[in-house]
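The same chain A turns up in both complexes below, where it pairs with chain B and then with chain C.
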Partner chain A sequence: MTNVSCSNVTKKYGRKEALREVDLTLPENGIAGIIGPNGSGKSTFLKLISGLIRPESGTVTINGTETGRKSGAEAAYLSEEDSLYDFMTVGKTIAFSSGVYPGFDRELAHTLVEEMKLDENDKVKHLSRGNKARLKLAVTMARKTPVLCLDEPLSGMDPLVREDILRLIVTHLDVEHQLCLITSHEVKELEPFLDHVLIIHDGRIVVDRNVEELKETERKSLIDLLREVTV
Partner chain B sequence: MSIEFNDYQPIYQQLMDHISQRICRGDLAPGEKLPSVRVMAVEAGVNPNTVSRTYMELEREKIVESRRGQGTFVTEEKTVIEKLRKSQAAVQADRFKSSMEQLGIDKETAFQLLENTWDRNGGAS
Partner chain C sequence: MWMTLWKKEWQESLPRFGIVMGVFLLMYAGILTASFNTSAFALLLGFFAVGLHLVLLLLLWALSFHGEWRSRTQWTWLNIPAPGWKLVTAKLAAGFSQYVISIALLTAVGFLAMRIFASGLEPQLRESIEMMQSVLTGFFPLMLLALTYGAVFLGLGLVFIILMARSVKKVGWVIGLVSALLFSYVYSAFNQSSLYAALFHHGVVFDAEQTMQNVTSGSMNFQLEIDQGASIYAGQLAVEMLLIAGIIALLSWMVDRFVQPS
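Up next is the complex of A and B:
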């Protein structure tokens, strides 16, 4: 079980506040969706948790330790941007990753790549956008960190790739021990996969709830809720 | 084979209904093993935790039973399945009645319509 907490966290880019006074403890395990309009602070939130950036004030901790450059063993971050080397093959990408990330499960990476029907001899340069996304996810999941931060893994993907990506997460995430944070605008598609939802609006967390409980008490979809809280 | 979910009901309840219907139809036979939590999650397109909850609730209603280390199995009690079928049918009957009411159709006309549909499409009488 992993305890991820933010205490009074504010993050600024220049003068602009990306996140304001965020105070929360995340669920210990399962899948949590982070939704909100563009520019609301979703990516900033994930980067803070994986220790890629630091807050101006307040603290982000994983199991009591402040996140930072050494958080790689606890939290993996899947970037929305290109994060693979073009000149490597799929197989080489796996070998490279296993050299870079402590605890990288090479065997799992090979299995995931095979499940997604990627050819290990193909160069990253020649992969379709969908296949690049699949490879990125495989490499991230194979790190087997207690916390996975997936930044827009579905964005710009066709429906079949989106289905594939969600299937991979459901099949290989250890929902009883790992916590997976996913940001996405594909709210309707993501909803059945979520245990928990956070809605970010203007740098503030405006909703922090269990999804089943939300439906039981309010009988509405996440999109309805998003519409209500972001007006 | 992901399921279409409605917006207003918790997913575990919808998944319970879906599995109950399959049991009533005999698509999942008495004593048959249900897919593992993970396989069911992938099939239905939902979170594995939701499937665990669904299986737990079904077990509480004695529709399935879990055997330690072996998995979850459909009950072999015919009376439980028969009761389940009746309650599922009652839900559908309620739905039919309320849709007819919304259209302003009275009981007699509704019965007539139902009879026509039955005769036209065949089916068990």
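Up next is the complex of A and C:
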């Protein structure tokens, strides 16, 4: 079980506050969707959890340890951008990841790549955008970290790739031991897979609920709720 | 983990190192051709090649660090749960390995060119060139060390500026540049002070005066004066190595504490 908490976290970019006084403890496992309008602070939230950026004030902790640059062993971050090394082949990307991420499940990475019909001899730079997204996700999943921070994994992908990505997450996430945080605008598509939802608006967490509970009490879809709280 | 990082840096930088080596090979072809023709152009090209090596590490290291942001792989690089010193030294070591290969080639071409040049000259002139060759051979460790020292400090300075630019938005590079210039000014003043000499000029490793006497003994028409500071001392080497280690520690600390991916 993983304990991720934010205590009075504020993050600014210049004078603009990207996140304001965020105080919360995330669920210990399962899939949590981070949704909100553009520029609401979703990506900033994930980057803070994975220790890639530091807050102006407050602390983010994973199992009691403050996150920082070396938090990659606890929180794997999947960027929205093409962050794979172009000069490597698919196979070399797996070999590299296995060499730098402790606990990397090389066998799982090979299985995922095979499942997604990627040729291990293909160079990353020659892969389509969809296949790069598939490879990125396969590598991130194989890191087997307690927390996965997936920043817009569905963004700009065609329906087939989106389906593949969601299937991969649902099939291979260890829901008993891992917490997967996903930011996305594809709320409708994501909703059936979510255990928990956070809605961020103007740098503040305006909804932090269990999805089942939410459905029972509010009887609204996440899209409707998002509309309601971000007006 | 370090070897995996080093291998990645090596493979990633191979295409640009190939281009650099291509340029050098063209230059070396020019040097050798000019030497066959006993043209002074060989000397000019030789100086130019040495000068380029002074900025070679700067180029290789800067492209490597800046390249993570340019290719948007900084998210991957900074999410590797390795201490900053491993990330930094893997990049520095890959660049330095390429510098060593390039210097080895430059040395081989330099000495070969001198031999070819001397063989095409009149016997009287040949003696002077051979003497110069002996001086260069004798002083090779000093020249190599001076060139590498300059290249390493220029390179580390630029890496510091790049990391500073990634740590402090907008004005980071200005702060980095000013701090690097200020440090080099203060340190070079200290380097030339009597205090520095008293503290670190101990244990002669390379005696310039003695070397000059050895290589010019018996030659009536070849006299050169040697500046005292041209000798190398063990104490001096130790302190400069410590300084380099200190700068690398600073860069690693910056990566761990201040550098931000966006």
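General observations
In the analysis below, the second predicted complex is superposed on the first by the 231 of 231 C-alpha atoms of A that agree within 3 Å, B and C clash if a C-alpha of one lies under 4 Å from a C-alpha of the other, contacts with A are read in each partner's own complex, and residues count from 1 in each chain.
The rule is simple: contacts are C-beta pairs under 8 Å (C-beta built on N, C-alpha and C of every residue); 3 or more make two chains touch, one makes a residue touch a chain.
Here the structure is a predicted model, which is why all the values come from computation and not from measurement.
Legend: residue contacts after superposition of the two complexes on their common chain; A:31 is shown touching chain B, with no touch to chain C. Between chain B and chain C, more residues of chain A are touched by C. Of the two partner chains, chain B is the only one that A:171 touches; chain C does not reach it.
Within the superposed three-chain model, A:69 lies in touch with chain C and out of touch with chain B [touch as defined at top].
When both complexes are overlaid on chain A, the residue A:224 reaches chain B alone and has no touch with chain C.
In the superposed pair of complexes, A:206 makes contact with neither chain B nor chain C. Of the two partner chains, neither chain B nor chain C is touched by A:108. Shared interface residues of chain A (contacting chain B in one complex, chain C in the other): none. Contacts from chain B toward chain A in the complex involve residues 2, 5, 7-12, 38, 41-42, 44-50, 53.
Residue ranges on chain C touching chain A, taken from their complex, read 1, 3-5, 8, 11-12, 15, 71-76, 78-84, 169, 255-257, 259-262. The touching residues of chain A, counted against chain C in their complex, run 13-14, 47, 50, 52-54, 68-73, 76-77, 79, 81-88, 96, 99-102. By the touch rule above, chain A contacts chain B in their complex via residues 30-31, 163, 166-167, 170-171, 173, 175, 191-195, 211-212, 215-216, 219-221, 224.
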